[in-house]
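Dropping the structures in below, format is structure tokens.
Below, subunit A partners subunit B and then partners subunit C, in two separate complexes.
The block that comes next holds the complex of A and B.
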């Protein structure tokens, strides 16, 4: 006699209102709704009553309340096992909120404080004859923008071919050195920027080879940009289908022509993204520029002589000057820098979206 | 002639000119690769060579003493090393849960559109220049965090960590730790998101089918599978944190006095900002000592990063197979 034949195991009647696809009953929905509304309202009322500052209210009142509410709701819905689930959900959402608030605060403050200083004249005048007491109607960041463009431009001009070259070495050759090269360049991604500045300073300035001029900053930035470009261009070149290479070979193309006429165009958008991400990494670097250049106030187009000011060192300089107007100048320059980064970032997104 | 009897020889396939082209092309690639490869060693060896005199004169006390005095030529950086570690630990306490939470949110909780948006936000946070974070930290965040510190001291002052006898809550390691956490979050998040997204979705769904809750799936399936990658991401974050200069320089006081416990007092330290703030007025001996500090910093970050790279690469390989 099998179990199925026993008396109490007759045919199971299908419940009349069975809707297994609707996995949320009314009571579930009610408890979820209550658990999401009640803590917010309660926390708000308590915070208002005791006049607490926002962050304290959030951590000391809202989070515990929300945890209790979510836990209770979860016991209603899924029994005791629901409690850790509810706690996980609440913590994840609170932490995500924290990150969002931080980023929002950075951007909002930057725009709010930077917009004061920003004007046409701020963008197109340099800071000759400007002191920390000069009103914001005079002087600007033109020299720093030019400096940043020169310094970053030279770094990019040298780094891009080198970085792509490393990518080619890693994807197109069968050299036994590929492993070590990949490993070392990848660990170099974490080279502290201050060390790169220190190295260039010691190598060129301390040895008396050169003064602190623009191209030294480019050299320091090269050390920081090269690993990023190399690693990303390797990733991109790896994505180009092997068939394309074989097809080019089969047509009789030598490998360098196959690379320049087939593989590189196929990987174009990815390579551009790699370059842009490398640029985003270095455009706001401050520490190496502090060590390798001396910020000036006049516009200087020459990377091999004279004082070279860049946006980050401009900010540093005016923050050090200390007066209120000087700090406003720094915020203005920071906004300009952010806009620059934003442009690079958006371009990277646009190119990154294109498919091969 | 292309065909020589039955054999097609390699020589015939390529015209001589293009072979030269190939040689130049691959020669350049090889040169670039070896250049990138040797840079690390060049930096390390050169800095060590220039700072050898400091290591010789100060001996082991360079990393165990706490005096920095140009007048007597005593250069010891222990408070800065300890300060760096304290900052990194504080930052990790905030950054690790936040990063894993954001990664989990993006991969498993958020609807597709919000997930894409959140990914972009994290990337944007990674692209923010440190000088911008530094400005924000010094002028916007410091007063807020100082008030948090005051509250912590008020209610939990009996715990040694929250003791404060100087009654100044500005420029403390507590604030620096928060700032460092903000710099670390994007890195740890993007690496963990990458790894979590590679966890086999069928495995997760299977665990749900077996009655797993979100929590148990997270603890028993997702975290064990993604552990290696997340650890690698955390190490990369530590590397970034150790090297962070300007944001820390703007938010903490660098004091040559070891301070591990009193994180709310305005006495802290970190190697990278110390180099940036002292090199300006340093004389030749002090410069050599700063280079030595750079060597120590570089060595530490290099070890952390190599370890991280190794772990990430290994976990990627494991997941691919």
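The block that comes next holds the complex of A and C.
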């Protein structure tokens, strides 16, 4: 029964196969199948025969073979026009595979080595009285989690409004200072983190203004996060159609209301991305924290006094300690940091969703 | 249906800045416009009587849209914009030193060529956006939403899904939503910049009906490329022209019937007959 034969005006149920573009002839399917299997088999046999190392086999044998196979198959299916498509597809897939393998192995390695240290006690105890010989059944990273949350939290609290503010200044005003400000923020995105740490150290610690305490770390991280958030906010705000600004102004909106009720909501998901990328830039930073804080072993909730440990400095400390157990603690802390970032990003996405 | 909204909206526009009872409701006097150094509108003077519909016609690029944007001070939002002359609203120059542009735009609403509802708001939110954006609330928001949507002849199509995002509407519906959004503020002048250029004939007719309905209580200035539309909806017509890279100016301005039946200028005659432009 075709749709025309029904002779009804109401809606018709979707047939099982309403995707005619997926229908492919047997010869097409055969050539695609051969092109995906043959190069793998051939490359494997050649590599075995000449006893090649895996990487060499992959690059020198498999990729060229796959290119030839895909090109040939494409010629059968789509004629000469298919060849560039096939080549591009092969390259893209190989590169995707490469990235996926690298990222996947880092992640797997981290989980494999960090999972031993992970336990409830590891999450909720600090490292008071823990030495590099103490068993993994004692002590944990609680103080470092709290430290990271405090240091990164203060940095974010100051940076988010400031960074978005710079973005707004660059997009919503016509000040002649926009050029210089954009140039400076752009240059600051490349600031080496150690320089920002040294700057804060020299400015506040060497001058005798303050000891090495938590908020100095926040200040150093702020210098790193601000340019990222500012530049990305600017790019995102630039994408909000001029039509919407005009519409708001024509309704008699003062500029502040037009911004908060129309422009910011329209740029919302992009702004959240800007903030998350800014956080990603700073949450794993170690060098500036080593300059500006003294890592401790006890939980310290005070950003203005005392020793402040964070996850990156915790990792640094226990890797430096050298014993096998200490290194396992460091792996555990790295995994905790990864999970923490995952939780923060997921929460931001959930609460940042557009609601109607 | 010509409802006076002020009772419903509880909107107290600061109309005190503008006196009532002057004959020309809105008037452009010796208006010149520049973009940077480029002179684009040359000495335009037009009068818009209260509750009249004025059509602005002319070939593309002759400055009609630019002119209309000078009337509610949207023009100045473009970088490098320049202007000389006066725009009088109820006898008061809207470019006067003590006039707040926000106040001008509250009294002189605008509908754009491309439908531009706020995508992050619901249908209802869009209608009320004018109130929200000027920081006000109404006691009878439901009534206001219904009235504005009814006047824009959109109510029947959307009354069951006022909470749906504005982007889910079709192009014609979005444009009528934009009209409803402007009407909800009950401006005394409505400027329309080719409001039907992206719409199908059905939506166009509905918007024309809306125009004749709201013109009972509102002064309307509409830019259009559609000669039939100009004849159908307007009382008076101004023909703009920009020749050989010279700034645009008004060739002829008068009663719509006169402009279309017995134009005084040869170029007007050629344009309305479709011989150029």
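As a working rule, the second predicted complex is superposed on the first by the 239 of 356 C-alpha atoms of A that agree within 3 Å, B and C clash if a C-alpha of one lies under 4 Å from a C-alpha of the other, contacts with A are read in each partner's own complex, and residues count from 1 in each chain.
As a convention for this text, a residue touches a chain if its C-beta (ideal position, glycine included) is under 8 Å from a C-beta of that chain, and two chains touch if they have at least 3 such contacts.
Predicted model only: the values in this text are computed from it and were never measured.
In the superposition on chain A, A:334 makes contact with subunit B only, while subunit C stays out of contact range. Contact with subunit C, but none with subunit B, is seen for A:243 once the two complexes are overlaid on the shared chain.
Of the two partner chains, subunit B is the only one that A:227 touches; subunit C does not reach it. Within the superposed three-chain arrangement, the count of touched residues of subunit A is higher for B, of the candidates subunit B and subunit C. Once chain A of one complex is fitted onto chain A of the other, the partner contacts of A:161 are limited to subunit B, with no touch recorded for subunit C. When the shared chain is aligned, subunit B comes close enough to touch A:189, but subunit C does not. In the superposed model, A:266 makes contact with subunit C only, not with subunit B. In the superposed pair of complexes, A:254 makes contact with subunit B and with subunit C alike. By the touch criterion stated above, A:174 is placed in contact with subunit C alone, subunit B being left untouched. Common to the subunit B and subunit C contact sets on subunit A are residues 252, 254, 257. Subunit C makes touch with subunit A in their complex at residues 72, 74, 77, 79, 102-103, 105-106, 109-110, 112, 114, 116-122, 129-130, 132-135, 163-165, 178, 181-182, 185. Residue ranges of subunit B in contact with subunit A, taken from their complex: 13-15, 18-19, 21-22, 24-26, 28-37, 39-40, 43, 46-47, 50, 97-98, 101-102, 104-105, 109, 118, 120-125, 127-136, 138-141, 144, 147-148, 151, 182, 185, 213-216, 218, 236, 239-240, 242-246, 250, 272, 275-276, 279, 287, 290-291, 294, 297-298, 301-302, 304-306, 308-310, 313. By the touch criterion given at the top, residues 174, 241, 243-254, 257-258, 261-262, 265-266, 268, 354, 356 of subunit A touch subunit C in their complex. Subunit A contributes residues 53, 55-56, 78, 81-82, 84-85, 87-89, 91-93, 95-96, 98-100, 102-103, 105-106, 109-110, 113, 161-163, 165-166, 168-170, 172-173, 175, 177, 180-181, 183-196, 198-199, 201-203, 206, 223, 226-227, 230, 252, 254-257, 259, 280-281, 283-287, 290-291, 312, 315-316, 319, 327, 330-331, 334, 337-338, 341, 344-345, 349 to its touches with subunit B in the complex.
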